[in-house]
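Can you read through this structure? Questions will come right after.
In this document, chain identifiers A, B, C, D, E, F, G and H correspond to the written order of the chains, with residue numbering beginning at 1 in each.
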Amino acid sequence: MDTLQILRKVRDGEMSVAEAEDYFRRKPFEDLGFACLDSHRKIRSGAAEVVFCQGKADEHLLAIFSSILESEGEVLGTRASQQQAELIQRRFPQTVYDPVSRILSIEKNGKLHRGLVCVCTAGTSDIPVAEEAAKTAEFLGNRVTRIFDVGVSGLHRLLARVPEIQKANCVVAVAGMEGALASVIGGLVYKPVIAVPTSVGYGASLHGLSALLTMLNSCSNGIATVNIDNGFGAGYLASQINLSICEGDHSEQ
Amino acid sequence: MDTLQILRKVRDGEMSVAEAEDYFRRKPFEDLGFACLDSHRKIRSGAAEVVFCQGKADEHLLAIFSSILESEGEVLGTRASQQQAELIQRRFPQTVYDPVSRILSIEKNGKLHRGLVCVCTAGTSDIPVAEEAAKTAEFLGNRVTRIFDVGVSGLHRLLARVPEIQKANCVVAVAGMEGALASVIGGLVYKPVIAVPTSVGYGASLHGLSALLTMLNSCSNGIATVNIDNGFGAGYLASQINLSICEGDHSEQ
Amino acid sequence: MDTLQILRKVRDGEMSVAEAEDYFRRKPFEDLGFACLDSHRKIRSGAAEVVFCQGKADEHLLAIFSSILESEGEVLGTRASQQQAELIQRRFPQTVYDPVSRILSIEKNGKLHRGLVCVCTAGTSDIPVAEEAAKTAEFLGNRVTRIFDVGVSGLHRLLARVPEIQKANCVVAVAGMEGALASVIGGLVYKPVIAVPTSVGYGASLHGLSALLTMLNSCSNGIATVNIDNGFGAGYLASQINLSICEGDHSEQ
Amino acid sequence: MDTLQILRKVRDGEMSVAEAEDYFRRKPFEDLGFACLDSHRKIRSGAAEVVFCQGKADEHLLAIFSSILESEGEVLGTRASQQQAELIQRRFPQTVYDPVSRILSIEKNGKLHRGLVCVCTAGTSDIPVAEEAAKTAEFLGNRVTRIFDVGVSGLHRLLARVPEIQKANCVVAVAGMEGALASVIGGLVYKPVIAVPTSVGYGASLHGLSALLTMLNSCSNGIATVNIDNGFGAGYLASQINLSICEGDHSEQ
Amino acid sequence: MDTLQILRKVRDGEMSVAEAEDYFRRKPFEDLGFACLDSHRKIRSGAAEVVFCQGKADEHLLAIFSSILESEGEVLGTRASQQQAELIQRRFPQTVYDPVSRILSIEKNGKLHRGLVCVCTAGTSDIPVAEEAAKTAEFLGNRVTRIFDVGVSGLHRLLARVPEIQKANCVVAVAGMEGALASVIGGLVYKPVIAVPTSVGYGASLHGLSALLTMLNSCSNGIATVNIDNGFGAGYLASQINLSICEGDHSEQ
Amino acid sequence: MDTLQILRKVRDGEMSVAEAEDYFRRKPFEDLGFACLDSHRKIRSGAAEVVFCQGKADEHLLAIFSSILESEGEVLGTRASQQQAELIQRRFPQTVYDPVSRILSIEKNGKLHRGLVCVCTAGTSDIPVAEEAAKTAEFLGNRVTRIFDVGVSGLHRLLARVPEIQKANCVVAVAGMEGALASVIGGLVYKPVIAVPTSVGYGASLHGLSALLTMLNSCSNGIATVNIDNGFGAGYLASQINLSICEGDHSEQ
Amino acid sequence: MDTLQILRKVRDGEMSVAEAEDYFRRKPFEDLGFACLDSHRKIRSGAAEVVFCQGKADEHLLAIFSSILESEGEVLGTRASQQQAELIQRRFPQTVYDPVSRILSIEKNGKLHRGLVCVCTAGTSDIPVAEEAAKTAEFLGNRVTRIFDVGVSGLHRLLARVPEIQKANCVVAVAGMEGALASVIGGLVYKPVIAVPTSVGYGASLHGLSALLTMLNSCSNGIATVNIDNGFGAGYLASQINLSICEGDHSEQ
Amino acid sequence: MDTLQILRKVRDGEMSVAEAEDYFRRKPFEDLGFACLDSHRKIRSGAAEVVFCQGKADEHLLAIFSSILESEGEVLGTRASQQQAELIQRRFPQTVYDPVSRILSIEKNGKLHRGLVCVCTAGTSDIPVAEEAAKTAEFLGNRVTRIFDVGVSGLHRLLARVPEIQKANCVVAVAGMEGALASVIGGLVYKPVIAVPTSVGYGASLHGLSALLTMLNSCSNGIATVNIDNGFGAGYLASQINLSICEGDHSEQ
């Protein structure tokens, strides 16, 4: 129902002025494309409601957590400290906390996990960032394979896992130090690769800048990069890609 | 047919030693996962065969161009100079050259363009990089919308185009100077966004590093970044994502 | 006249559906604050229509120039080459070109110049950037004083000009190399100072980064900084400040 | 009364040598422009007397605080620790301390707040820096609106507040991570924008350098930038601009 | 014995299908060159099994340590904390811990140390990194001379030791601050020099980046550089070079 | 004659008002310490009048050159191009131009050269910068020794020249690439060393930044550094030090 | 013959004072270890006499070339331009010039090439730097294998060449862009790897800095890095290592 | 007595072989210029023996301190912690410790302080670095004036002290943040200026790098710079310059 129809109904007495006013109050946002977002609202809300816990005051964190839980029935928190986990768990004993990825979550039962995202790491020290990516993707409804410690310094470990990686709709490659993993995977596997540099390393690793530059300069195709240690960002984008593939193409409609 | 079966056939005289040898010569690559690549061979070759023309010697360029054209029936060259275009056109008069994107191509007739990739730019100076992305995606079989000059310094231009952007399966956001376009699109549209910083700007733009950092630090979700001015890389990855969506999920098979 | 009034008029037959539809079509932009911009439209357009000439194709430049000139009666172009100046002058012989600031302009006669902006430079090599600031401010209707070559290596030259600088509503301080001028002026004069680092210098001046850092770290109060060599940006902001002072406070209305 | 008049009076016996000597002892500073500062003395002193508390020894801090309080009747301290606040409060129980902005102040009663400065932030983590700007501007006699958490990742929140922002004489835009807020405000609102990058973020945010570069490269007009986390500097400059607007133009006198 | 021979034997009944299958299962790795590694297996394993202790969880560290000790009869740990040393020593009391180099080791008795590696430092603060290099090389079976505190600020100390340095097959030059030691040794001694920048210094030493750049830009010949503070990497490479020299040339076989 | 005396004379009719006014007009500068500069006027002017030719317009350069020549009887120009040299030589045929150092000069006959400055270089490519330092010092009245190509990659060349270097009152050490020369000289010679990094080198030399960092981090004592390629600055400072030594101590007067 | 023996001979009249004086004049150098260098003189001179042609004046280049040729019977020049090659060839027609590596050489006939150095590149654009390394090593008497275009974006090409690489005594890995080649080779091959970053790439490759950082941070063992584009340095060091291996261990003598 | 004379005496029986041997054992160092150092030995030792305490182990520190005290009768330690001061004071109760500059010293009575060094700071936070410079210069026998808190944000404070600064033989200018103090002093005073950047500041001060760049790019003449926070280095070099001036010129002897 568009503007013209509304106005005609008002003129013809088929719609009250109050009803029409309510319509026009919401209209600016809808006109500007926000309406199109609505069909994706559920998925979008789920993602938008992820809480970056680090640095939040206790009362603030509790309030946000409670509010999302009430409206969505589930909630995901990233970069939560042990102390923050205990705070939330005192109020919501069903909260699950993973100290490796520092992910805090209350999840609906029986959630469907679709498609496949593969999360790889170069070393064991990259696992916390990789788990942030993997758990984020799982929370958002993706099936996830983890393939850890397959860095290029022992290439046979990676080669042996290529068929498994190849099955995924989207690959997340997590690596610190020289960050070569993403390029090598990009050269072996024909799938979108999201590269996550980590701050693992010392000296000329420059807190992850070196791995970041490696990934940006990759001579393999089909690779894009997120911020250093941004496991959440990679998991979120991998979820978007994987779920879009599961849903199929609607662009021509 | 696996190793055991082959060996039994050789023992039983059902397969010649020469046939078996041929099998084992190819086997190492297949064992390591390369076999899985075969089903994607066509798509993969098309992409792998893109020629980065810049800095190539004339005879070298001609040889590569001829060889790909012969085996694939089409070929795409990026970063080609006017002089290189003329060289190729003298040999293959059907070659099309676009001086803006510096893309050189001979394309099969009647190619199907599927799905939708949307390429946006902040300013008019970002168009050459954007066209490299767009033409790459088109060559690889994607339908492409171009929405140029919608930078954040005049936000209403961008807002008016949101519904159009929202239709695409994947968005490429191209911007130099402060590079804020990707964040703003990421905040308005629930689709994967591939951010391409450009070297447009001066002074503290640091030849595109400033835009690159902006994009990596985006507080919007669903964004990943490629190298400065890497329109080809963005178009290629956008194609992977869009075509995967068109093909649908095969991960659980 | 607001939404409710319009709807009542439609209901009561005092306004046609077509008239109301037209109102609602423009409404989204007005609701979001764009309407408020309208009272400033003239000033704003003038500024928005400044053309960054560098890198623009000839036909593009001519088209933009003609279009602004027609609608506004005047036009300002920055970073124009000698060749671009000649192109424009062939079409619009009244165009004035200043090769130092690379500013190209056609200006209305009898323009009023109000208030006072003072543009200072440390050395003579900073003059091109300073002139870009000064001419921009003049075009936008500001009175401008120029005080050049008063860098800190000969402090008496600057001290002798302090009373003059103090008269301005806003000071633009342009300096390359070590960029100390802005701090020293900020310590002598109680007026907003817009610092413009220039790429003048060599070696550790890092193409203006060193001056930029100096200005950002100024221990004087009342200083903010624009991009390296961004004379236009400084002139534009100085104009906003100076003209606002001339117009006086309307915030409490 | 100038040099010539003084000398004539001495010659004519109308002024004693001692009186004239006193005049000439103060003269050097006046000649160099410091005299002009005098009419602004009150405002200037207030500002100059702001104490940067961080790193100051206890006895030093107490002495400065007491001295300014005695001469001015009020005092403002920035970047004060909880421990420093307690130290001052033991001596001056009327001291107010805000742990968010780390501002410590004793303020005169009934101070007039004039004009309007609007302080915006991208996220909630930027609030401490924003409050330093806001409280500084309030202490210096400005009326301040706060519009927090309107970052570009959810653009509708910002758009809804544009009319409010537009009312101010000067806008302070505080943002970390990618720092795009200043550009977007600069594109929506025709007012001077002072951009404050914050060190909020991680990885490639480079402790605020990324946001700083974004702001310096803004393609919107009317923006200048201060040092990372420099809320005080932004509040001070915003005060200069807003109060100058309230006072109106005196440059042509 | 190659593929053809195996297949002929199977055909002719001289080899069982099971034996042939086992051969082909290992073949992919051998074909790709891994077989050649086998002759070096002992040395290689020794080196590969060095444990980077820093940041490892206690149970993880113990498990790896035990496993290597069991299979190899010895084990080397780098960057071990005092607390980690105590953990390992409680389980394996024969463990030796050196708090300077933070090296933790259990070593076989009567190990042969061959050839000669010379480890030099510029200052006494560089000794921890140098000891990491020296102890690594010793563990891997190299004879090592230590020449410490011979930095270029007192050149006579270095000159007096040149004949000693000249005897080694490979020199490790460890230096922080300006890092000039490697260049000076490279100019005095005709031997491969592995330069190790250290993070010793302050200010413009940039945590070792300055020394790193010095070493990379050395105008002496025969120098290559490893990461900042990477004593282990230098000791490992020096061992490869020295032991290769002890074993002599086998490339032409 | 001080203020009191002047005023008494005016009162007593011993000095006219005009004479007194003239005195007070000059006084501010004298009071602030500029008077003390006067005794050094000759030396100071000579130095201050050095012309940085690079980028100066022809007419500007000629005017400055003529003006200094007229008032001082001699003039020094740095970074002059061949074309600028010809311009000046057409007007002043006695001008001497050195294409290596790009120094242009007209010098008084029979100038006394006092004390000793020693200018050393690491390589032959550093000679242009070294000659700028040496010729500047000679023009300013210093005796200069040149010791070129004594870099640390062949240390015996430097050691053989130590006694000569030791004779100077001040040493200028010019080096690109790794820049170790200054540290080594600083460790061998007990004299002030002015280090000049040059932009000689490639790759990680970062246009001289690497040599600059080396010099700033020198572990030798008695070294300070000037900007990259700033031969003039080093020659000027060396001249100040050497000539002060020649003149002896006047500080206690 | 040592000091004591000489002195006794002088005392006993067996040696003239002049002979003894001559001995003591040369002695300082010998005492300081230079004597030990003498046994390596031939090899050392050969290497030391390599001429870095870039930027050398014509007469200078000719003089150095002639002088080395006369004393050594052969000569190697790096980074020579076409114009320099022609200059040398006019005087010495037997000079060979390779425009790819820009190496200019006159080489003795029948030179023995010993051992094996393997030079690998990631792409074809890295070949000029690789050829500089290869030709340097060949000139210095090493046998060299070239394995080009085996970058990690198509890993099977590299894997197929591993056995060949493994045969060498020392590997030179040349790569630009992301520079991952060295790490991958270091993980596959147990030989010293000298990594050479190249300035091939664009944008965030930062003229080779990105590849340099990748190589320094390699998580593979046995890798050290030289300056960006420093093919000569890598070839020289590889030669030192390979020839030392051919000569065998003399350290314990 | 030179080589020839010694040899003649040996020949003539005027000197024993043992005496001559002793002479020649020491000779290498003397020949290479170390002999010339001897006349400066006292001064040189004093300086060379300054102990950089930071990071030294307790027993190490005590040993060095005792050894220098015994041989020199006095000793200076820099960057000593409170705990290190107490350690030394327990053994040598006469030790004086200044917690501001962290200087630890035992000094001879009645030391003569000659000439004049002036140490200036921009702010009060720069005092610790300035005191390190001042106390170092005093220990080395220089008279020192301190002029603190004269930064450019309140220029009149500096101007009022110019005559005092002008009296010194050498000026040390200590400043953090924007570091403009050195340039301004260099423009006001004709004396060598040693600039010391400090790490005072935040954000874009980059831990002192910004001030360092400012000082290196100074457009004033006669300035050289030492490492960030290197008060000792500046005090040492200022002492060399000042004491050389006090001693007068000996270069022509």
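The rule is simple: contacts are C-beta pairs under 8 Å (C-beta built on N, C-alpha and C of every residue); 3 or more make two chains touch, one makes a residue touch a chain.
Given the structure is predicted, the values throughout are model-derived calculations rather than measurements.
Taking contact as defined at the start, I'd like the list of chains shared as neighbours by chain A and chain F.
Intersection of chain A and chain F contact lists gives C, D, E, G.
Would you kindly say which chain has the C-alpha centre located farthest from the C-alpha centre of chain C?
Of all the other chains, the one whose centre lies farthest from chain C is E.
Taking each chain's centre as the mean of its C-alpha atoms, give the chain farthest from chain D.
G
Using mean CA coordinates as chain centres, what's the chain C-chain H distance in Å?
Centre-to-centre distance between chain C and chain H: 50 Å.
Please tell me the distance, in whole Å, between the geometric centres of chain D and chain H computed from their C-alpha atoms.
Result: the chain centres lie 40 Å from each other.
Two or more other chains in contact with one residue: find those residues in chain H.
In chain H, 32, 34, 48, 154, 159, 188, 203-205, 209, 212, 216-217, 221, 227-228 touch at least two other chains.
Considering every pair of chains, which are in touch?
Those chain pairs which touch are A-B, A-C, A-D, A-E, A-G, B-C, B-D, B-E, B-G, C-D, C-F, C-H, D-F, D-H, E-F, E-G, E-H, F-G, F-H, G-H.
Which residues of chain C touch chain D in their complex?
Per the stated touch rule, the residues are 32-34, 36-37, 40, 43-44, 47-48, 114-116, 143, 159-160, 162-163, 165-169, 188-192, 194-195, 212, 216-217, 221-227, 233-234, 236-237, 240-242, 244-249, 251-252.
Which of the residues in chain A come into contact with chain E in the complex?
The touching residues are 124-125, 154, 156, 202-205.
Using the touch definition up top, name the residues of chain D that touch chain F in the complex.
The contact residues of chain D facing chain F are 3-4, 7-8, 10-11, 13, 17, 20-21, 24-25, 27-28, 31-32.
State the interface residues of chain G toward chain F in the complex, per the touch definition above.
Of all residues in chain G, those touching chain F are 29, 34, 48, 55-56, 60, 197, 199, 207-209, 212, 227-230.
Which of the residues in chain C come into contact with chain H in the complex?
Those residues of chain C that touch chain H are 122-123, 151-155, 159, 177-180, 183-184, 186-188, 201, 203-206, 209-211, 213-221.
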